[in-house]
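Heads up, the next two complexes both have chain A, just with different partners, chain B and then chain C.
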Partner chain A sequence: MKPLVFEEVKIRWVILKANTLFTLKESLAYSLNNWGGLASTITYMLTYLVLLSAIFGRIKTLAGYNYSEILMLTLVSQFNFYLAWVWSIRNLDQLGEDVKTGKLDLILTKPLPALWYVTFQKVNLFMLVFEMWPATLPLIYLLIKNMDFQISLRGLFLGLLSFVFGHIAIHCFQFVMTTITFWTGEHRGLNGLGYSIAFFGDSIPLEAYPKRIMGLGLTAVPFLAHTALTTSLILGRTTDSRWVWLSFWVMAIFIIIKIKAWRLALRQYSSASS
Partner chain B sequence: MTISVYKESLVYGLTQVTNYRSEVWLTILNKFVYLASIIFLWSIIGKTVNGISGVTSLTSYFLIANGVQGLVDAESLRYSKVINKEVKLGGLSAHLLRPINPVLFLYFSFLGTRGVTLLMTIILMTVGFVFLPSITVFQIILFLISLLMAFVVGFVFNLFVGSLSFWTPEANHLQNVFSHIIRVFSGVLIPISFFSGTTKTLLLLSPFPALAYLPSIIMQTKIMNTEMWMIFGASIFWSGLLLPMSFWFWKKGIRRYEAIGI
Partner chain C sequence: MENIIKVKELTKIYQVPQKQSFWKSVFFSKNIPLVAVDKINFEIGEGESVALLGPNGAGKTTTLKMLTGLLYPSSGEINVLGYTPTDRKREYLNRLPS
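Up next is the complex of A and B:
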């Protein structure tokens, strides 16, 4: 008998909760690791701000964006970066490693929605509190200090939608790349490339891209929606809501591709372990 | 006898990495994507700033700077990660018991695993040279000297950060901290000439420009100016000072090392 829809949702919620709690316990167990991570993210942010101030010491605008608008772009890019690390990137690495070592058997033999489980195997909410906010504070301070633009409610809403759609779409893109591990047996290079594509030009405004790359970046290789398009919508530089609809459809198509790629990859999977 | 041990260690590392050919190609592609984003960013900046050379010159600068930094392993301080792993997991014990220099042995083994990457960085630099209108013999000589200094400074940073593992097992994060600093202040993301005033002077006198800016700028400029001599002098000073200090730091760390088992 097929389980009811609410049972399907319930089991997914239970998995998500259990994995989040486990990841939290794991994070708290290695406290020194957290301090190290914090030092690393704060240093990154500070050096990046030094880089921006050096560039804007010589130029007034970058592709039409002034200093405060570029700070806004950086903030969106940082949110996307941390969110990706909270739930996506670690799981992609874990999946690649599990395929390579044969540990995936342990997940596949359990009566669980396997795709859901591998997508949310680790959800590191602790990172949001302990690493993201302290590291982002200097950026937020500079943004408030230099802010010379206005944000409309409509722009903020459209930007938020584009952020979510773009974030999910690029996760699915990276996931599809990771599934190639089922054929090659190695995941580091694939994940590294997926990561580089996902964060390609995250300090470059949408308006700077040539039309062809923009078209590609908003559809087939969706690296532009989560940060560049989102910022453009928030700042009111892009007002046409059709771009948000496009992001939505791209996300929907990528979710389907992700599911298909997963099924195809599982058919390829063989293991001699456990 | 001793040299052959290091040579075999190097060959072993190379064999290890060449077994995973797809990984090698993907790493190359990854580097290409990374460089494309930097060059794209700077081509946009170049359009709005007077005094910045054209896209060809910028491409050449960033290809050489990134090539050098990759060649001397100052990019992500990967050798420090090797040391960290050996110290953390106790693998260092096996090397300490043998009649070899553990720092050199580990370095040669690591160098082998980077064989293909090294080849790629040399190709990057060569492409960077092709973009230059002309090169003089004097520039090549100075470039080779600066490359040697870049190698020394890169090695020193790796050994320093790696040796920190004797004090804290989570030195990998410190390696990230140093990587971020090096990335911005060595000239691979932004030419140091872009900084102004005291910051620029301080940076030119620091060991960071030796890792990428100096070798790259040498190939861009035909005549050595005061600024370049200043970086040259600073690089020689830092190389001479930091190399013995890093070995001293390693030895101090070794005294703290504890491991159980073989």
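Up next is the complex of A and C:
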């Protein structure tokens, strides 16, 4: 049994490595794209920071969060945004396109774990290193300069767990939405909707949400754990570890739903290639 | 000679978008069933050479795609080398030509 599990893990590692290297080579082939991406993310970040400083020049707190705490929320939101673009969103778009054109045939006829392959078909290391950090550095600089809160090791640890669980859960949610392509043959609108839900209110603190939306955002439509709950845990505003357990179980359930949805979707695959 | 491919009552029905008026097609697209393969039966023995012939739209590609496990049959049974193709067992996929 053990060698079999080891073999399965090894296959997945090899796929992940090969796809990451291929995506990196692909990124390096188009340098103007890279400079354009870098410039646009830096511009966006600077604009957002100017907006924040303009708001906090007039008011002291927003939903109970002061300037530095909002900067912390923005930082977590940025990490989530970039990570989603590094491995999740591009793969969902690619999957939708592959189903529509029938290119998925090439994956399904190979002796590979197909779900793993489509999940990690593109892993954009270049974005992680060369786009994420330059755009995030001004934010980190402002955060350090204006830091007005304490971070405990426990809060940081719980926050990291919530970030990972929330990030995976929302990916699975978006993936399930993308599988509708197997029935409809269309994916762009649905992926756009999934993207909007995933980043819904990611610049709003957890404490600002009404209880019902908070309940929904931490369970059935898990858009609150990856950023809002994570920040609240890091800042020590939420200290109850049961919220992290909830995020864990929500993630586990969404992984199961993702696998089930994939199997069901394959039954509907119409293999549009000729 | 042992039969290595066995196909029994194999059927595939696609759902094809129906042509409708502009507003209906914008908001309520409707599909109609299209029978691509209709209850076919055949068996192929080991080493046997077989040609699959038919006009456009006869269901040749659909049949082959069901034999490889790419498409799920709407009904019927397929057995290739002792495997059910749609189970996507790795040992079976390993034997497909790349």
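By our rule, the second predicted complex is superposed on the first by the 269 of 274 C-alpha atoms of A that agree within 3 Å, B and C clash if a C-alpha of one lies under 4 Å from a C-alpha of the other, contacts with A are read in each partner's own complex, and residues count from 1 in each chain.
Going forward, contacts are C-beta pairs under 8 Å (C-beta built on N, C-alpha and C of every residue); 3 or more make two chains touch, one makes a residue touch a chain.
Owing to the predicted nature of the structure, the values given are computational and were not obtained by experimental measurement.
Engineer: Between chain C and chain B, which one touches more residues of chain A when both complexes sit on the common chain A?
Structural biologist: Comparing chain B with chain C, the partner touching more chain A residues is B.
Engineer: Of the partners chain B and chain C, which touch A:R188 in the superposed model: first, second, both, neither?
Structural biologist: After superposing on A, A:R188 lies in contact with chain B but is clear of chain C.
Engineer: Looking at the overlay, does A:G201 come into contact with chain B only (first), chain C only (second), both, or neither?
Structural biologist: Only chain B is touched by A:G201; chain C is not.
Engineer: Using the touch definition from the top, say if A:S271 reaches chain B (first), chain C (second), both or neither.
Structural biologist: A:S271 contacts chain C only, not chain B.
Engineer: Where does A:G37 make contact in the superposed view: on chain B (first), on chain C (second), on both, or on neither?
Structural biologist: Touch partner of A:G37: chain B, not chain C.
Engineer: Considering only touches as defined above, state whether A:I70 meets chain B (first), chain C (second), both or neither.
Structural biologist: After superposition on chain A, A:I70 lies in contact with neither partner.
Engineer: Enumerate the residues of chain A that count as touching chain B in its complex and touching chain C in the other.
Structural biologist: Shared contact residues on chain A (touching chain B in one complex, chain C in the other): none at all.
Engineer: So in the complex, which bits of chain A are touching chain B?
Structural biologist: The touching residues are 30, 32-33, 35-37, 39-40, 43-44, 47-48, 50-51, 54-55, 57-63, 184, 186, 188-190, 192-193, 196-197, 200-201, 203-204, 208.
Engineer: Would you pull the chain C residues touching chain A in the complex into a rising list?
Structural biologist: Residues 14, 61, 65, 68-72, 86, 88, 90-91, 93-94, 96, 98 of chain C touch chain A in their complex.
Engineer: In their complex, what parts of chain A are in touch with chain C?
Structural biologist: Residue list for chain A touching chain C: 105, 108-112, 114, 266-271, 274.
Engineer: What residues on chain B touch chain A, complex-wise?
Structural biologist: For this pair, the touching residues of chain B are 20, 22-27, 29-30, 33-34, 36-37, 40-41, 44-45, 48-49, 168-170, 172-174, 176-177, 180-181, 183-185, 189-190, 194-196, 199.
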